[in-house]
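When the chains are written out, they are named A, B, C and D in that same order, and each has its own residue count from 1.
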Amino acid sequence: MEKEIEIIVPFYDLDPMHVVWHGNYVKYMERGRCALLADCSMTYENMEKHGYAFPVVTMRVKYVKPAMFGQKIIVRTVHVPDENFLIFKYEILDAATRSKLCVAETKQMAIDIKTHESCFQLPEPFLTTFGGTK
Amino acid sequence: MEKEIEIIVPFYDLDPMHVVWHGNYVKYMERGRCALLADCSMTYENMEKHGYAFPVVTMRVKYVKPAMFGQKIIVRTVHVPDENFLIFKYEILDAATRSKLCVAETKQMAIDIKTHESCFQLPEPFLTTFGGTK
Amino acid sequence: MEKEIEIIVPFYDLDPMHVVWHGNYVKYMERGRCALLADCSMTYENMEKHGYAFPVVTMRVKYVKPAMFGQKIIVRTVHVPDENFLIFKYEILDAATRSKLCVAETKQMAIDIKTHESCFQLPEPFLTTFGGTK
Amino acid sequence: MEKEIEIIVPFYDLDPMHVVWHGNYVKYMERGRCALLADCSMTYENMEKHGYAFPVVTMRVKYVKPAMFGQKIIVRTVHVPDENFLIFKYEILDAATRSKLCVAETKQMAIDIKTHESCFQLPEPFLTTFGGTK
């Protein structure tokens, strides 16, 4: 599963160096991930209805080239099948040239909303959707 | 009731003009308000326990002078007694000179969390605490 | 001059009440304003080339109904002709029903970037573009 | 070199799960880093005076336990001597119990502000301050 969304860099995301402040890419990644999850009917609301939340447990980001005000950028989110975690890889690209601005990865763990217990394997129906094809 | 808190302007709040982005003052105002509310045991959690939320219904901000990176600023929050709304006035000042950077006002309305109904008068115990002295 | 843009409410803009945190509407307003300004070739970069910045000097916001996660909203930005300030009015609407979520107004003043002096009248070419029809 | 700062978790940093949104820890890390840098007279302004900017090139974050509204947290920032990069490690701790909420690492590279060229070794005076002792 993968998904591309386009974002136009807003003014309020810039820092005094006239580039996107590095922490704001985390927002772009979340927008990409939520768009992919919506495509497979796994919005946060649906996850909650199944009784689980999926907090991010690790995040790695590599910054390649800065994004500028008004620039059209693509967030390409790719799901990585895994039985234990919800794993996504991200590429943030310039929309015109598709040159890489940023690459990243996040890992999310299922938490039972009632008991607050962590799940070391994805519970159903998440295992079927995200667990890969053995 | 009034309260002063000190904030050191963080880098991530700046915009490309090297000053605090105007929308970020809303965060400073909320920090001032929450500090004042905590002093009178009216944290958001306590409000929720009493069954009410207090969304902001109007906000006015006047920007006088920009705040810069690393600047020590004071948020002075003053409660304005009122029977219908939770009203606060704010002054954001340079800590060293107390010169004015920003003045603002917010109005919050009580909402019954269960019924989602708006309260056109402050419910108890908020009326006693915030309603003024007549 | 007016302009409508569509925004899908992102997760990271929500607060614990499951609605958009009130300060985040300021970002939506800026995106609407920048889209309108781009349409008349008055991006912030162009303003800077003419030697002026336009900090927001006053802002008023009225919150009518909360916006939710994933909701499609419209920011309708309308320029109000004025010789002294850059004035915009905003309506934030539900995209499906066009019911009002938020109305707002901002006023921006021209500042000479070199001298840091405020302009009590819009300088050219801004006066011609934004000053109205007399 | 190391530095501890205290932060009280503000309401606007929370997400609908009533915990700090994962992207906001990046702000806490920056506040810790800037406090440490100020202690050794290496604020961003001073870096700029020397002709260099230090964009973050990689960031890794591991989330251990969520931070809540009003919680007092400590950001412990430790400089890791290195000749090529400005490297910091972070621990975000509950202030009362010092239990770990989050650990992270960032790497920053020197960029010559005039030429926009990356420096594969720290330039002076940064090499002396941050390069370690051999």
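Definition applied: contacts are C-beta pairs under 8 Å (C-beta built on N, C-alpha and C of every residue); 3 or more make two chains touch, one makes a residue touch a chain.
From a predicted model like this one, the values you see are computed outputs, not experimental measurements.
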{"item": "Chain whose Cα centroid lies at the greatest distance from that of chain B", "value": "A"}
{"item": "Between A-C and A-B, the pair joined by more C-beta contacts", "value": "A-C"}
{"item": "Chain centre separation (chain A, chain C; CA means) in Å", "value": "29"}
{"item": "Between chain A and chain B, centroid-to-centroid distance (C-alpha), Å", "value": "33"}
{"item": "Residues of chain A whose C-beta touches two or more other chains", "value": "11-12, 16, 23, 27, 30, 44, 69"}
{"item": "Complex contact set, residues of chain A against chain C", "value": "10-12, 27, 30-31, 34, 38, 43-45, 69-70"}
{"item": "Chain D residues within the chain A interface of the complex", "value": "16-17, 19, 22-23, 26-27, 30, 44, 53, 55-63, 66"}
{"item": "In the complex with chain D, residue positions of chain C that touch it", "value": "11-12, 14-16, 18, 21, 23, 69"}
